[in-house]
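Paired with chain B in one complex and with chain C in the other, chain A is shared by the two complexes that follow.
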Partner chain A sequence: MSKGGFDVRRQTGFTTVAVFCFVVLYLPIILLVLYSFNAGESIAIWEGFSWRWYVSAWENERVQAATVRSVVVALSASLIATSSAVLAALATTRTRPWRGQTLAFALINQPLMVPEIVTAVALLIFFALVKVWTGYTGLAYLIIAHSAFCLPFAYMPIRARLQGMDLSLEQAGADLYGTPFKVFRRITLPQLWPGILAGAMLAFVISLDDVVITEFVKSAGQDTLPTYMLGQLRRVITPEINAISSALLAISVMLVIGFFFLSRTPK
Partner chain B sequence: MTDLSAARNRRDRNTRWLLLTPAMLVLLFAASGPLLIVLVYSFLTPGDYGGVEWQFSLQAWTNVLAERDIFTDEWQLADAHLTVLWRSIKLSFMTAVLAFIFGFPTAYFIATRPPRQRDIYMLLIMIPFWTNLLIRTFAIMELIRNQGTVNTLLIAMGVIDEPIQMLFTEFSLLLGMTYVYLPLMILPIYASMERFDFSLVEAGYDLYATRLQVLRKIIFPLVKPGVVAGSILVFVPCLGAYVTPRVLGGGKQLMLGNLIELQFGQLRNWPLGAALSLTLLVIVMIALLFYVRAVGREGETNV
Partner chain C sequence: MIEIEGVTKIFGVGAEAFTALDDVSVTIDANEFFTLLGPSGCGKTTLLRVIAGFIDPTRGRVTLDGNNLLNQPPYARPVNTVFQSYALFPHMTVAQNIAFGLEMLGKPGSEVTSTVDEMLALVRMTEMADRKTSQISGGQQQRVALARALAPRPKVLLLDEPLSALDFKLRKDMQLELKRLQSETGITFIFVTHDQDEALTMSNRIAVMNEGRIRQIGGPRDIYDHPAERFVADFIGDTNFLDVELLKVEGEQAHIRLPSGSEVVARAAQGGGRTGGEVTVAIRPEHARMDEAEGALFQGALSNVVYVGTDTHYHIDLDSGGQFIVRQQNQPDQRHERQVGERVGVNFGAGIGQILKD
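On to the complex of A and B.
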């Protein structure tokens, strides 16, 4: 790399900026987590270590309800998104190219391209109509909305895994008179699991973290954790918000690291 | 022979549609379909208590840029909307520039590490990106509010007597959005740098180029597609930002997303909200077209 003490890759100041960026990316989050353990009421003056804000968040009934709702929505949405993404990924990798393929891609990736606020407004209008027609105001609206924007996130790792797979095993299976379904179940699916798991984890994180679409779609009293936190903004901010944030962060970070290692292996 | 392949084709087509049906149903019901209804709503008359009257009107679309003066009844430019639109575009652009200033050296730093370390550094960049946007915005807010960490620290050190008002200013939006979207700049620049051949740089030095010349004449032109991609990837979500300006702008520094929300909340003008949403969508689509042209076909797998 270096040639007689002269490193051709070095650019003056770049390392400093990079180190600065890494520090700045993490410092606010670290402070946020740190103050969740504050014994005092402040989020800026340290008064000693305590679990009190975790306890108070745990005992807060609105937080409990929002947590349960967040988990129910995220689990259902990631299940729907992942299973339909598996089928869609098979359709776009295991059949010969066809004319509507670009359109299918565009539809699947639409939630990534259209600004969230626009989708949120569209769903607000549409579901308002559906609510009047059917009289139903339950969680299903949130679940279907979350399924839609989680779909591309579940689809990406699954499709990548399918494309990276060795086709000869599947061909051998088909040559030995395995039905397409049998080939899928016995050969494709076992190899696809890491991709499916990665997709499901990503979908779960994306659903768990969503604010904008949830804020517009939810009916009264249907707060998830993020919309509950957003609603708390108008009040005095105590470290309880930090405690809730830290718990959510811990879950996200674990899932993201899991996703990273799962989606890295097939190389 | 032809019979057989025709039958196969037909079977292929049927399986394909069967496989795609669940995904398409979800997306049509909760993503694409509702967008068409927004289009319809933008041509209707606002209802008195929110919602719409089913009566055709072009008023929402004219109101995006113009309004009728309540006293003189003359048409004039809608200053409030233009201010918000201008602020959105200006701040999104500035955020992209800031993200480039910090993101480019960082991507370069990561790309010049040994291969094993690169993955770890990229993971470090990606972790904040995939964690909750609201929480990261909260973290910035707690840092810069009047009773926040920065002001408390500065007062304790005796640098200032009164807290500096940082929250609810354009500065706070700029800071927050750069913080939140920086990974979107680093990612594509890194992707194009990873393939960069450093023997070209060596050749440059052999020809007596300075470090700055190497950077400007060799490295930058070759990773430019990554820079363009990153800038658009930052610009687009900034333009439609809702959470960051709501938390850090506190209703004082509205951006397009907040203006749209107002129409569905306090202002009860759903058609105008629909028209504004579609305006935002059109601007974003134009930016994405540039993205597709800059990244070309290879970009599909990068992001």
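On to the complex of A and C.
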């Protein structure tokens, strides 16, 4: 470390601010996880270690249904979002610049910019109309909505990966008699996989975690895990909520770690 | 036979427009070893990319055996490329890279395997067949790129500086190997290089390029002995330039008067040129002889003697101004050593000097 150079660690108060931020961020989470193991009924008074709230959450049929629904929606949405993202990323990196490319880019990323609540209300109204026309009230609405707002999260890592890829490899593939489809399958796709998996994981986590849009779009009896938890907060809160949250946290952390490893550039 | 007619490529538009190829026309025969030689940025790679199909020319036509190539996508053209950047597939092994083109052509598995083995042996990479391409050296990668492009036996092979990363010995071996391969397979080679020795030793014909234009096309001897213009003479080998007066032209023969007043016959400029007045004549250092000052075509003082093993280079300050270099082969029984400052004369035979167009 150079002497006398600017070193943020030496600036007065930096350490204090940093520590404060970490405490505010992580202390509540640590407490949440801690109390998920509470033997008592309270989320504030420690009465000893126990797995009872995990067991109770596991055996709760409404939690089971909400979990299955969350996973189904998240899997379907990340699948749809990732497939569309692959096509969108190819169209925005592997073609000659076309008219409206910037617009398309903005549209893909729209969910990042429009306030979620606005999207939620808009979808609520739109889907209400569709429900009247079609009479269909299944999970598809949730899956479509989730696919839409997961798209930019799936798109980003895939696009980054494509942009980092050497265009001359695809040219070499074409030079060696590979038709565009074969070149995509044999050359582009194998190198794109880490980006695709990373995008899918990110989309999965984002979908799994969503409250606002889900709350507006879901029909009666279509609670996902987060909206179920939101509903529980209006009643008596038990450490069961902590247990569910901790489980969600564990899944998300694992996926984010996976994402991190996949989106690292090779070597 | 590849016919390239009036190919022009302009990158960008408006103020940023850059002409990378300027009205390039050339016909390359089947089974020819044709070399594109020129300084960096002169458009060699661009021309190869037009032939391979990665760049659409702004204007012009390219045909292969009479068929228009330009309306075929790259994968339909019977043309393979050894890329300047190798462009090996990083997720495949050496053998898989070489097999790729054959598989795309739908060759049966046994044929793929035997051709891959043959190619591996050719480029001496048999032991490395199962390595990933990131686990081999630059020169080895270059050899894999060569094998991969050769394996499908294209009609035309485009080689973009395919030997640049090899050491001297391997490079010489590969040059011979390539030359042998080319005559055995009947594949047309279009070979790009910076290296004039490589171009001169390997090619049937050479096109010397500069700033997007072909300046001269000819066999190695034509290009070396009879450069058409100053750029070509300067780019290939060492050359002496003398400003002389052109007296008269009779067919190939041009009568010139040197600044010293002596008159001599040189070779007339390629494709016409001026018929009188001030012209430049080019003379290779090894084509001139150093003699006694008395009775020579022109005279000067020896300013430097450079011994380079096989040859000695004599730098002569001419009485008429400027410098002239004579290169003479050393003999083992050579007695007489020339001294710096000594007065010497220079002679060259009739038809040795080449008049330049510009």
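Everything that follows uses one rule, which is that the second predicted complex is superposed on the first by the 258 of 267 C-alpha atoms of A that agree within 3 Å, B and C clash if a C-alpha of one lies under 4 Å from a C-alpha of the other, contacts with A are read in each partner's own complex, and residues count from 1 in each chain.
Everything that follows uses one rule, which is that contacts are C-beta pairs under 8 Å (C-beta built on N, C-alpha and C of every residue); 3 or more make two chains touch, one makes a residue touch a chain.
Fair warning: this is a prediction, and the values are worked out from it, not measured in the lab.
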(Q) With both complexes overlaid on chain A, does A:Val68 touch chain B (first), chain C (second), both or neither? (A) neither
Q) After lining up the shared chain so the two structures overlap, which partner does A:Ala85 touch, if you call chain B first and chain C second: first, second, both or neither? A) first
**Q.** chain A residues touched by each partner, larger count belonging to chain B or chain C
**A.** B
Q: Please indicate which partner A:Pro226 is in contact with in the superposed arrangement: first for chain B, second for chain C, both, or neither.
A: first
Q: Have a look at where A:Pro115 lands relative to chain B and chain C in the superposition and call it first, second, both or neither.
A: first
Q. Given the touch rule stated above, what does A:Leu31 touch, chain B (first), chain C (second), both, or neither?
A. first
Q) For A:Gly178, is the partner it touches chain B (first), chain C (second), both, or none of the two (neither)? A) second
Q. Which parts of chain A are touched by chain B and by chain C alike?
A. 180
Q) Can you list the chain A residues touching chain B in their complex? A) 3, 6, 8-15, 17-18, 20-22, 24-26, 28-29, 31-32, 35, 42-45, 80-81, 83-85, 87-88, 90-91, 95-96, 98, 104, 107-108, 110-111, 113-126, 128-129, 144-145, 147-149, 151, 155, 160, 180, 202, 205, 208-209, 211-212, 216, 226, 229-230, 233, 237, 241-242, 245, 248-249, 252-253, 256-257, 259-260, 264
(Q) Going by the contact rule set out above, which residues of chain B touch chain A in the complex? (A) 12-13, 15-17, 19-35, 37-38, 41, 51, 102-103, 105-106, 108-110, 112, 119, 123-128, 130-136, 138-140, 142-143, 147-149, 151-152, 179, 182, 186, 198, 201-202, 205, 211, 215, 236-237, 239-240, 242-243, 246-247, 256-257, 260-261, 264, 270, 273-274, 277-278, 280-281, 284-285, 288, 301
Q.
Under the stated contact criterion, what part of chain A meets chain C in this complex?
A. 166, 168-169, 171-180, 182-183, 186-187, 190-191, 267
Q) Which positions of chain C touch chain A when the two form their complex? A) 52-54, 73-76, 79-81, 83, 85, 87-91, 100-101, 104-105, 134, 148-149, 152
